[in-house]
């Protein structure tokens, strides 16, 4: 908020959070507005959500809706670690670099142990080498492993990769967290079921992202093991994330996961990402930094091209990810013509 | 969320947060959904909001929208006190009793010093007697005074009462915070201007409530002194309250404070409160606990009557406020017939 | 440390922490300095301490030595409450007013709920009236009751008073903490055994004070229920209170509780307190504020007398305890002549 | 404390914290025990300390004594960073790996950013590459650089290395902290003055270690810039590190820095380290892991030798520093015969 600049034009591709809500989600808000309702999540939408998510995940899950992804991550982690815990994550993970220390705040001071990884993913081997100090009072105590799906380079953890990391985590009595900010995009990329990509691969707690893929402000903390819920309801309240009119968050989520809306949105975004990726690849001045596996495209542009695009109203940020690549993200509402326009602008630079 | 019960019927009067959004606010959300926008509050709605609020308060203010009132309070306080500060407030204030320790969490451990008050308000004298220990390392350091407007008994702090408390606070170098969860209801009750009820009476930082009075999830932290903003943008982000699609919160607020919508809603709610209050007063079994000055009514009911009302689907909670009284709250959407129906149900008990 | 003033003369009676260590404790430090030792409490003194304290308390206890009473209290409480807990204590208790918010800091934001009490003690009735909100996410959760022995007015909680408060606490599933900064003084005043004054009266965790009564810097957190220890070793380390050369703290404690040194010291201090109290009472200008039951004397002095005493080098602090009374404290090393001298100085004012 | 084992034999070389106090320091404690004194650091020893340290550092410094090195580090850092700050340090630094998250706890959640370094030291280049995100709310904010002197491999940062790192830090508006747990050992190794190794090389705040080198429990936080002190007195109190009988910590420090005791102790320890290092080097089975520049020796032992030494009562810990090397530390009281005995035991394995 500090420095406010207004730019609506061509924020496309800057991120998938520049898009609004898809029609079904907006409709759900409008419908939820009819009549009064008990507050603080004691409403029919929030109740239904438990059942709906349990169906989708083929398991009884416990769901806490939140309005923010950073909140979902930080709250989930705070239920999984003591104040003196270690949380193992990729050095470029959102929880480590893009949440202004929210995990440290919510956990009361737990330590994020950054792993280098290979591109955006880390391996069970690197994880294993870094876990240590259990039971020794001088060291923060190994508590949680967190992976991001899509990972920070837009790639997708394969099911066997998730499973291998989870096995290492569980072998050391650590809990497995997945930051699923782009859960649907990863899911449709893998062609896996929600169950397969989570608890069947060893995930204990999931931050289920929905905002970027068609909601206004709706995420969910999903517990696959009820014993891990702990004090979460109190932690939510005391962090100001238990909204009084929670029904409006739950209603978004309900619409989002109904009738395959979320999968439809993600498939489209991924398709647009693929189209963009292929268009860029065909430009001899541009090099893809990582394979495009879903809706995020990372590419290396010559500086003059970046300058040109920005002069045309785009927001290309070279600083991202250590200056190694520019990130472009397709959203549920990206049109073929948006991609064409960008590629055309590029071709003129 | 822990125990989920679904009850939509007759939650009326349980609180004003059982109501949804008023049409103008819902329309603003729908309109804000057209097109893409830069995220994290760098959008046109959030920018406009600064100007709009500055107009309304007749002063350049700095505004941070949030989705939750507890967040607004806790964030505001965390910008106003060191970790070892004392925050003086009414013992029944929302920040002291209804936020599960959010102020302590956000401030990093500041101490809320509860004042007994006379009914729901405290006086400059009681405040003055309790301020102490400045400069002595053994004691938490006097930092903030917080009042709630409407106060916890539904009464309204008069302008001269606010001014007198502010003067005491400022004399001791403390900052003045107002929890304005029902700001509009108080304002129309007093017939004062926003400026008069805040900075002209010595308020430094305001939690401006809008959710209860016609929004879905929209509050604002308003700084009347720019030097008090401090690190708020970082504190918001690391607490997960900087929503990516912040425009939807800002759009609600913009609609809410435009065209006197907020005042219209509050006037109606207060009128319904008054009607309810008078209806109750005419029942010889029921005694008003506090004067009804806005949209909250506190009354003492014989237990059989409470039982009767609850059996008819109402949610009368005798535990509130030390079991001394039941609270009934009229909202922007309370109908005359809702009041009549309650009174009629009462008359049959 | 901020403002340093050097005054060694006549600090007597200002507090019992102005005294140094008794000879036996100093000798123990000197002896512990012979040879090397494993650090961080893995030494023979620390080990012996467990057995020694278990003997004294007639029960297997778990002991953690610390160098500071504030640390002992804050660490003990942090093992007993969740971050969103309520800790019930006297409004004038040391944890509430003299530790600059240490309990809030260590517990991660728990709320101290101040009770008014009658003089320095509170009753089971007042406690009971204040316990509420269990299981409701909006409220901090009742977790701990803490009493101070000697209490803040120098009076002693009787065994049946402790028992009655403990029963109320346990009935509500709260844990009982005793801040025993002047444990020995209370013990010899009551003529009770350590077991009687603690676990036999329902105390779960004790902050055992030794510094004031003859040590240099030595306190102990004593757990009467092993299941309450929780993560204390990690909490100690991460707060910087696990000293590397911990043997020197343990050695002090070992000497202190050996050969009844602690009881001898406390008996003498109490005797001097009594002598002082009686001397003051015989002065018609001075009124005892509370009965003198151990080594602390609270009395109301006319202002000119305070002025006179301070001009003679004493440090009489009228601000203490709401300006109602001046506190004078006898220590293990207070001489009869010290008392005589004060009384004589008084008689000349 | 959790699991207590008693071993006094041959803890030599396990660390320099196995040694007791040197005679002069013990004498100072004994002398400080004569008579009464004002508590909480308002005593003559604490006052003198300010002057004494100012002399030694050739600059007016502000000194806060503490009983623990972890406390000194964590408190110092908490005065230097906001809650959302980044602290850049070596990945093996004590603050990152051996304080159970104390810096995170004390700072309210700041993030330690680990640098790989070359051996135990990091370079201005690596630091520079890692500093980023200033002013952007999504990122923790670059705030402090902390180096350890001796560093974690027993090597010494040269004056020009410190200066280069400080310049990089200051260029980015970060503050420079030095963890001087073995400050004296580094100082005599360099042959530098205290001023040269600190503020003349750009250090802003120093954790001055004394415990390991001849005290019982005495460290000091030393501010070279008064404007950085901030709220430290309150932070000390609320963390339980403002001891009531602080004079005994100050007296240790005063004796320690008087008459070059500290330098004498460090010179001897370094000499013994050198002797040990050369003895090990001459053993063809043993390889020094890092050059021995002060009193810490890191060497790679074949497993059977470690087993042999441990069977002879030594405590060789192969786990230290990623299993790469065993650390042996000479102390102020290590005798030539201690070194000879170890080498002889070795020769028989």
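Note that the chains are named A, B, C and D in the order they appear, and that numbering of residues resets to 1 at the start of each chain.
Note that in this section a residue touches a chain if its C-beta (ideal position, glycine included) is under 8 Å from a C-beta of that chain, and two chains touch if they have at least 3 such contacts.
Because the structure is predicted, anything quoted here is derived from the model rather than measured.
More than half of the contact pairs at B-D come back, by residue number, in A-C, the repeat among A-C, C-D or A-B.
Distance from the centre of subunit C peaks at A, each centre being the average of the chain's Cα atoms. Rounded to a whole number, the gap between the C-alpha centres of subunit A and subunit B is 33 angstrom.
Between the Cα centres of subunit B and subunit C there is a gap of 41 Å. Put simply, the C-alpha centre of subunit A and that of subunit C have 50 angstrom between them.
Residue positions 1-2, 40, 83-84, 99-101, 105, 108-109, 137-138, 140, 233-234, 236-238, 242 of subunit A each touch two or more of the other chains.
In the complex of the two chains, the subunit B residues touching subunit C come out as 1-2, 83-84, 97-101, 104-105, 108-112, 114, 132-133, 135, 137-140, 319.
Considering their complex, residues 1-2, 4-8, 11-12, 14-15, 17-21, 26, 29-30, 32-44, 46-47, 50, 64, 66-75, 99-102, 105-106, 211-212, 216-217, 233-234, 236-245, 248-249, 315, 331, 333 of subunit A touch subunit B. Listed in rising order, the residues of subunit B touching subunit D in the complex are 40, 82-84, 108-109, 137-138, 140-141, 231, 233-238, 242.
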